[in-house]
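Chain lettering (A, B, C and D) follows the sequence in which the chains are written, and residue indices restart at 1 in each chain.
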Amino acid sequence: MSAAPPPAAGLAPADVDLRTRFAGKTLATPLLAASGCFAYGQQFAAFTDLRRLGGLVTKGISPAPRFGNPLPRICETAAGMLNSIGLENVGVDAFLADKLPFLRDLGISVWVNFFGTDFESYVECAERLSVGEGIDVLEMNISCPNIKKGGIEFGTVPEVAHRLTKACVEATLLPIVVKLSPNAGDIVGMAQAVAEAGAAGVSLINTITGMAIDVRKRRPRLATTYGGLSGPAIKPIALRMVHQVAKALPELPICGIGGIMSGEDALEFLMAGARTVQVGTALFAEPGAIARITDELRSLMAELGIPAIDAAVGVLEAIPPEPAYAG
Amino acid sequence: MSAAHFAATVESRRDLGGGYFILSLHTDAPAPIEDTVPGQFVMVRGDWGRDLLNPRAFSVLEVDGAQRLAILAKIFGRGTARLAAAEPGEPMTVTGPLGRGFAAPRAGCTQLLVAGGVGLPPLLFQARRAAENGRPKAVEMLYGGRGRDDLVLVDQLDAWGTPYALATDDGSVGREGRVTLLLEERIATAKAAGEAIEILACGPTPMLAAVRTIGLAAGVATYLCLEENMACGFGVCLGCAVPVHGPRPYRYCCTDGPVFDAEEVRWP
Amino acid sequence: MSAAPPPAAGLAPADVDLRTRFAGKTLATPLLAASGCFAYGQQFAAFTDLRRLGGLVTKGISPAPRFGNPLPRICETAAGMLNSIGLENVGVDAFLADKLPFLRDLGISVWVNFFGTDFESYVECAERLSVGEGIDVLEMNISCPNIKKGGIEFGTVPEVAHRLTKACVEATLLPIVVKLSPNAGDIVGMAQAVAEAGAAGVSLINTITGMAIDVRKRRPRLATTYGGLSGPAIKPIALRMVHQVAKALPELPICGIGGIMSGEDALEFLMAGARTVQVGTALFAEPGAIARITDELRSLMAELGIPAIDAAVGVLEAIPPEPAYAG
Amino acid sequence: MSAAHFAATVESRRDLGGGYFILSLHTDAPAPIEDTVPGQFVMVRGDWGRDLLNPRAFSVLEVDGAQRLAILAKIFGRGTARLAAAEPGEPMTVTGPLGRGFAAPRAGCTQLLVAGGVGLPPLLFQARRAAENGRPKAVEMLYGGRGRDDLVLVDQLDAWGTPYALATDDGSVGREGRVTLLLEERIATAKAAGEAIEILACGPTPMLAAVRTIGLAAGVATYLCLEENMACGFGVCLGCAVPVHGPRPYRYCCTDGPVFDAEEVRWP
């Protein structure tokens, strides 16, 4: 034969439909930029076409501006990095006035990540963000590994997360997607608690608390001693949590996050049960990573004969059992 | 921002001894290299797989037209070790030029360029520009290192006619002692002569701290080119905070700097 | 000057004392081979001098032999690997008869990792292993991510771990070191619970539950879907847990484990508060890894002027605070 | 175990097209290379940092004295891609030779070597040994692949005088169809002639499953060289379990195999 035949299952990449529905809206692709890795978007305009994103999640917003932690705030680890930025942000007012208009005009899905320093300020933040036009989702960050007050219990005790989610859901008409902490012992219990409180979905996972030491200086590499681990190192843990939650709560929309660097990584998360995914750390080395990953995902789905996102989400089969052992 | 993210290849690597090397990069992509201001930097990353995730920051040493730029680096950890082994033709990705560089020398005011070790590149670039503009003596380099191996590319200063003085901790070349010794003496001379000067410094943090103290005490305008751990280099990760005085406790090395007014920096 | 002076703090490597005390015994070095990564030791004799080890931990032993999980059982991930071996082992009797004599004769510290499939069989296992001559430590594995029955609660609920530890401590005269699961939400609570139950120390950490997907086959890469993540990817998480436990329970001896590949990695764990460390995954690519790491640790300690292990354990200082911000 | 863990360097890399390549490794370390039996394998790893942790398993293709060995590999994932880009002089670590290889041909019994794709190396080694021992016709190679590009090194069989037959899925070389077609016909001929044969097979798992079924049905002794994911290669990680019939449900590809009696393997 003169030309290699197309793979049996083959589709033209252009025929793959990347649209996905999440929290009542349709996104052009399942790929969003992750919170804290995209700031408020403007910086990326120099490097990439922002309209190629399915959506973006802003840096976490709190009612008042925050200035963040002392330095050093970041360090690299094997296939990952630690950060203790400290949830620095411009605050609700400056966000609505100065940052949101730019994002709204992009025509992609806009998710605003938010948090408070205590119960009341979470609710206040959700309430005050609700007036913002062009916000599709409020992503509630209950992990907050880097702030001292409140953070821990919100993110690790299901009853506390339930109460907090309920109060925020009642404070806004926007869908609330809760971003869960992998530091929780029982991720399914957490997902269930926030789902029952009215969350429109969950984002999985935030960074995992970690540490690195500079043995020459006899000091931690971060001023806060501990920081959040992100990058490919955590991908297996993130995938496992997505899969556990998808199995236990098949109706709950999941946004998968953790170490995504390629179209294949993104497809792993979709197959584990996520309907959207976020890309974080990969954006630092490659500001145009999401456009590349989108192209890779499209080609890979075409190659594998998967015509649409729905046909990928949660399609995992078990490995066929071995023939019985008769001794 | 007039920076780009582009593919480049290693054109050559020149080893200077003592772990120092110059990497020349070439790109066919449209990149705003030509407009680079001394003090600006680039983020560079090779094909390093998933182990070394983030690019590394390097001051631009020199640009040549729109397609060539060079950096001068010293082997420090894994990333610089990989770069030090890069062969011609090896693919790299570059983001840049980034940050805000040094102001050009003003007429009637000499810029003292205080360089320590691997802090040389932005200051050598500054000296090169001054020479290219026909004003080699608008700057004066004060260059210090631990020993002979730490003072590289001095021949370029000779070629350009840039005034300079050297210092080494071990006395192997130039004055024995810290480069700040040269600085203190030079400030004293300038004061005595009523000469207008300003200080531009780049090097290890302890050196910069000393330069800052000296500059502030002498009432001389002092600009420090700082290094902080960076993940992105373009204002997104917020990793590269620099503690400052002023309306906010931190500014960012990559977008507000790397060049900061010494008065602004909140150091002990 | 003609010759470079030695670093100010310099020591001759030969003068560094690598001995460390743990659970009442002295080890020649703090470096042990980790459970499941060294089998019962014999295979390594072809590649390395076993006497260079501070000690070794056997594959986990259960009262009866176990055959392990279906395949595939392992796969690689970024800077790590997943395994679901299924705690395959020869069982107590065969271990004591066929494996222990070889280990005893090496003259290094012998730790026997053990587990049960329920409360009673844990106690039974501790009891039956106690007759073995030449065992220094019983390392109790309460993580068991790969066995179905019981595993989870033992490793994640402090009260359950307390009861189990207490019963095993009472069943043997050997010191019991409990190997904790990083999947527990509250690692300090777990350490405290087992310490109060009489554990002579804790080993931190076992593998973290993770997952990987083969998108072409639409299947998990492991037959059991989930497996345990090990290797450099988990080092920041392991270090953090060691540091947390060392801070909270300064008297409790800690054996640090997770992604150790170099002398510098080992020293990070010592500085975080561990008195011994284990090397696991590194042994697969390099059977002589521990001898190399020992040499590196010795040289590095010499270079940094640290004369002995005690002078390294838990010596971390905080990063000096920034000058106050006056606005 | 007579294996060693040793440093080696890439002596040469020969690309064969279709992603196949031969890597020749040289070592100065004392290593029991010379005693390698066809079917035995080595674990190979380059200087890959912390990203690709574990070595990769490759059947030995050929040994030359005590210091040289070659493998034949095909680009599959990250590890083989790195090896396919290895340059002469590049450092590698090798553990081996590992596992149990094939039995040598017995007098009066022809070994049919059934090779699929990248399963060629141990069988080509077996053919080479037979030729070296003056008995090239004690073995017969049945070699199949998807197309022309998948059949490599056939010229060596010609040179040794080893009998062989080829099959390709696309009919571009030899018989059109699966290599098992050749096997079935050859078994039929042997049965008809009362000729003593045994089967040695290596290749993709579906092919091995088919060979097993055919061999068992025909009552011909059949040995399969298996591949399972390996981390260590020497019996420690227990990752490479092979489901078997017998006193225990699993044996290990790296220490009990990689060559297994088809009767023993617990496959559907």
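Points to keep in mind about this one:
The definition used in the following text is that contacts are C-beta pairs under 8 Å (C-beta built on N, C-alpha and C of every residue); 3 or more make two chains touch, one makes a residue touch a chain.
From a predicted model like this one, the values you see are computed outputs, not experimental measurements.
The greater number of contacting C-beta pairs, out of the two interfaces C-D and A-D, is seen for C-D. The chain with its CA mean position farthest from that of subunit A is D. Per-chain Cα centroids separate subunit C from subunit D by 37 Å.
Subunit B and subunit C have centres, each the mean of its CA atoms, that are 45 Å apart. Per-chain Cα centroids separate subunit A from subunit C by 32 Å. Counting partner chains per residue, subunit C has residues 70-72, 78-80, 231-232, 322 touching two or more of them.
Residue positions of subunit B touching 2 or more other chains, listed in rising order: 50-52, 243, 249. Taken chain by chain, the contacts link every pair, so each chain touches all the others. Remark: subunit B residues 48-52, 78 touch subunit D in the complex.
Looking at the complex, you find that subunit A touches subunit C at residues 70-72, 77-80, 82, 156, 183-186, 208-213, 215-216, 218-220, 222-223, 225-226, 229, 231-237, 239-240, 243, 259, 264, 267-268, 271-272, 300, 304, 315-319, 321-322. Those residues of subunit B that touch subunit A in the complex are listed here as 1-5, 43, 45, 50-55, 93, 95, 228-243, 248-250.
Put simply, subunit B touches subunit C in their complex at residues 50-51, 170, 172, 243, 245, 247, 249, 266-268. Those residues of subunit C lying in contact with subunit D across their complex are 36-39, 43-44, 46-48, 59, 67-76, 78-81, 83, 85, 88, 231-232, 261, 281, 283-288.
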